[in-house]
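Note that subunit A is present in both complexes that follow, paired respectively with subunit B and with subunit C.
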Partner chain A sequence: MQYKSQAVAKPYFIAAIALFIGQIVFGAILGLQYVVGDFLFPEIPFNVARMVHTNLLIIWLLFGFMGAAYYMVPEETETELYSPKLAIILFWVFLAASVLTIIGYLAVPYATLAEMTGNDLLPTMGREFLEQPTITKIGIVIVCLGLLFNISMTALKGRKTAIIMVMILGLWGLALFFLFAFYNPVNLVLDKYFWWWVVHMWVEGVWELILGSILAFVLIKMTGVDREIIEKWLYVIIAMALISGIIGTGHHYFWIGTPDYWQWWGSIFSAIEPIPFFMMVIFAFNMVNKRKRDHPNKAAMLWAIGTPVMAFLGAGVWGFMHTLAPVNYFTHGSQITAAHGHMAFYGAYVMVVLAIISYAMPILRGRAAANSRKSQVVEMWSFWLMTVSMVFITLFLTGAGILQVWLQRISEAPMGFMVVQDKIAIFYWMREVAGIIFLLGLILYVISFFVGGEEETIS
Partner chain B sequence: MREKFTKSMARNIFYGGTVFFFLVFIGLTFDTVSVLPERDNRHNITEQVALGKKVWEVNNCVGCHTLLGEGAYFAPELGNVYKRFGHSKDAIIAFIKSRPVEGIKGRRSMPQFNLSDKELDAIAEFLKYASEIDTANWPPNIEG
Partner chain C sequence: MQHSDAENNPPSSIEEHPGQALAVAAELFFLLNLVFLPIVGFIILSGLYLRYKNHPVPLARCHLRQAFIASLWSGVMLVLVNAVILFFGGYDSPAVWIIVILYLTSFHTAFIMFGTFALTRAMNGRHYHYPLIGRKCLG
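Coming up: the complex of A and B.
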């Protein structure tokens, strides 16, 4: 570790992994509820389990991004963090808020939670992914602002690299667009319109800046390729991401009461969205080919290479599949959407956080550069188990989605929603099996942290 | 990438492109907001619809259902449920009211939310309002 204050990243990464486990356990519960409808009913109904699943994902990715920021900022700016103490305080605040919120979801009915937390004062709850009580949302804003203050102050006194500027810009964007979570008009169309300013602007906008900067950082460290080259790529990729992604928001404005012209704007711009992901693949492989050193952390390299590939498949290809308005007319809100969501989140954001954890954690734990060979082998097994099972989850959901769309929306004798769900149950069973394998992969991932042996050193 | 294409050029494309397309997006948003009154059925938003939306939110209905195609895919689309149930608020109310507390053995079941008559009427009114939003003919058919 080059800078002492980088150590604050460690609790963030540990919390991220712990919450990741919770997310996947609830994913497995949800998958089973799809086929065994009364599983855990009425104690944990589907909507509660889903809320836990998606909220844990968001929270642990945020922990990962924050950890990444705290790890990267001192090294990039070549100065100690402005206030390591603030970073640790914010960690505990964020963890407490997260855990209390999840306990709230599970312990009391959602309506009771809304009442307890004073949702009537400023109603923001009950919208997809923004289910958190208003007080938790305020907590998220405070934690983000504290983080931004801390890293911005650090950057101000230190070296300003492109990587860190992009990271800070991404985090500022994350905080600013989250403010739309507090806007909840009665008018459903307006509500939905600006709800996407949080959700889409995050995952197909500012989060891509964070993703790009983390990936660029890891690639510089691992390959030793000249910073000028990597940062140039970074700018080109994020330029394409935002040029396509901002107006690409329009692909959510086809059928929610917004004007018909969004079918053109949304289709055209979101059709460009796969390009930055494809460039990211080319970029990563190019940098690895041009590497000036063989970094001993092979596992981190695997995650770093896997990220763009899976992001391109999940966000790029699976996104494009149903993004054109004439296609989306039939696929909107079906299992195809679910298939895309799973692989895109895994490929883009889960993997990049695991990449930085894989790179940074050995160093944070006092190793020169990498874990032992044995530990890395276990971690690489977990990479393949999770990644391949996610491919199958996506394929099975896609199969379910195609059948669903056909039976319910296209065939000459359209069937009702629940009738169709019964007919495609076999796909849900296969998805659940793949999900369990994912969980096993995750358990193996955690085990890899506890595998000892002699550490690999730079050759 | 050739040497002629420098990092600062790439940076300028990023900042310039982002600002330009964000401004276009803002422009489109202004236009959208100004023409929405023709499509979003706002003249039918009443006190009751507002209460209905609140009931919809605080019971996390979107955790299982979709509404205009957005939400979870575990239970039927509700943007057009008013029409699917024969333009009947009573049918919607009766359905929500009659959900068994312990669920249905082996099958998916909607929880019993114990809503008051006022809340039941409000949620039905909200779903009626939602069904009258101009969604460019989505969903493709009545099944949602």
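Coming up: the complex of A and C.
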């Protein structure tokens, strides 16, 4: 570890992995509830399991991004963190708020929780993914502002690299767009319109900047390719991500009551959204081909080159599949969306966070560069188990979605939603099996941290 | 027909490796045929292949041949499956739609991914052979 203050990243990464486990356990429960409707009912109703699954995803990714920022900023700016103490305080605040929120979801009916936490003042009910009580949202804002203050002050006193500027821009965007979570107009069209300013602008906008900067950092460290080359790629990728992603928000406006022109804007700009992901694949493989060193952390390299590939497939290909308005007219809100969501989140964000954890954790644990070969083999097994099972989850959900669209919306005698859910149960069962394998992969990933052996060093 | 050396070596000032520009162009048109310029991309790639298939530099020859053959395969896979579906009664069934969409997405994407790997290899002056359908390049 080059800078002492980088150590603050470690608890963030550990919390991220712990919450990731929670997310996948609830995913497995949720998957089973699709086919065994009363499984764990009334203790964990479907809506609660879904809320916990999606909220944990967001929270652990945020922990991962924050950990990445605290690890990368000192090394990039070549100076110690402005306030390591603030970073640790914010960690405990965020962890306490997250855990209490999840306990709240599980212990109290959501309507009661909402009532207890000021739903009358700032409504949270009916806001998918943004169900967090207002007090939690305020906590998230405080933590984000604290993080931004800390890393911006560090960047101001140190070296300013493109990677760190892009990351800070991404994190500022993350915090600013989250403020729309507090805006909840009575008009349902406006409500949905601005709801997407958080959800879409995060995952198809500013988060891509964070993704690009983390990937660029890991690739510089692991390949030894000149910074100038990597930074040029980064500029072009983030420019394309913003050009396509910002107006691409329109693909969420097709059927919510907004003007018709959004069908054109949304279709055209979201059709070019795969381009930055495609460029990311070329970028990553180009850097690997140009590499000047053979880094001993093979597992981290696997995560790093897996990220753009899976992101291109999940966000690019599966996104494009149903993004054009005439196609989306039929597929909107079907299991095809779920298929896209699963692979896109895994490819773009889960994998990049695991890449930086895989790269940084051995160093944070006092090793020169990498874990032992044995440990890396276990981690690489976990990579393949999780990645291949995610491909199958996506394929099964796509199959379910196509059948759902046909039976519910295309056939001459359209069936009701719940009737169709019964007809597509076979796909849900297969998805559940793939989900369990994913969980096994994750368990293996955790085990890899405890596998001993002689550490690998840079030759 | 054999071409003169001048014809076989299109001048390029951006090449780090001999034959690299042609190799990159071949993989680029392979990808364009799959993504933005179907048919047009293939016609240009075919033209390049026919003109430079005997190029003296192995790198250019390798990528041209690989990209051309992979293009033919991608076309065959597309036409063949559609022909089979039409032969067995057409598209008017949900099962066919599930198979077709999953098949086309998976295979088309696989070709795009391998084309991308090939392109990055060409950009770095390295050979690439497509799995299963490409013969190993020598030289």
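FYI, the second predicted complex is superposed on the first by the 456 of 459 C-alpha atoms of A that agree within 3 Å, B and C clash if a C-alpha of one lies under 4 Å from a C-alpha of the other, contacts with A are read in each partner's own complex, and residues count from 1 in each chain.
In this text, contacts are C-beta pairs under 8 Å (C-beta built on N, C-alpha and C of every residue); 3 or more make two chains touch, one makes a residue touch a chain.
Predicted model only: the values in this text are computed from it and were never measured.
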First, second, both or neither for A:L188, with subunit B first and subunit C second: first
Which partner, subunit B or subunit C, touches more subunit A residues: B
Contacts of A:P414 with subunit B and subunit C, given as first, second, both or neither: first
Partner chain(s) touched by A:M153 [first = subunit B, second = subunit C, both, neither]: neither
Touching partner for A:V141 - first (subunit B), second (subunit C), both, neither: neither
Partner chain(s) touched by A:G399 [first = subunit B, second = subunit C, both, neither]: second
Contact footprint of subunit B on subunit A as seen in their complex: 33-34, 36-38, 41-42, 45-48, 50-51, 110-111, 114-115, 119, 123, 125-128, 131, 162, 184, 186-190, 192-193, 228-229, 231-233, 235-236, 238-239, 242-243, 246-247, 249-250, 252-263, 265, 329-330, 332-335, 337-338, 408-410, 414-418, 421
For the subunit A and subunit C complex, residues of the former touching the latter: 278, 281-282, 285-286, 288-290, 309, 312-313, 317-318, 321, 395, 398-399, 402-403, 406-407, 411
Subunit A-facing residues of subunit B, complex: 1, 5-7, 10-11, 13-14, 17-18, 21-22, 24-25, 28-29, 31-33, 35-36, 39-42, 45, 49-50, 53-54, 56-64, 66-77, 101-109, 111-113, 129-130, 133-136, 138-144
Residue ranges of subunit C touching subunit A (in the complex, touch as defined): 94, 97-98, 101-102, 105-106, 109, 112-113, 116-117, 119-121, 123-124, 126
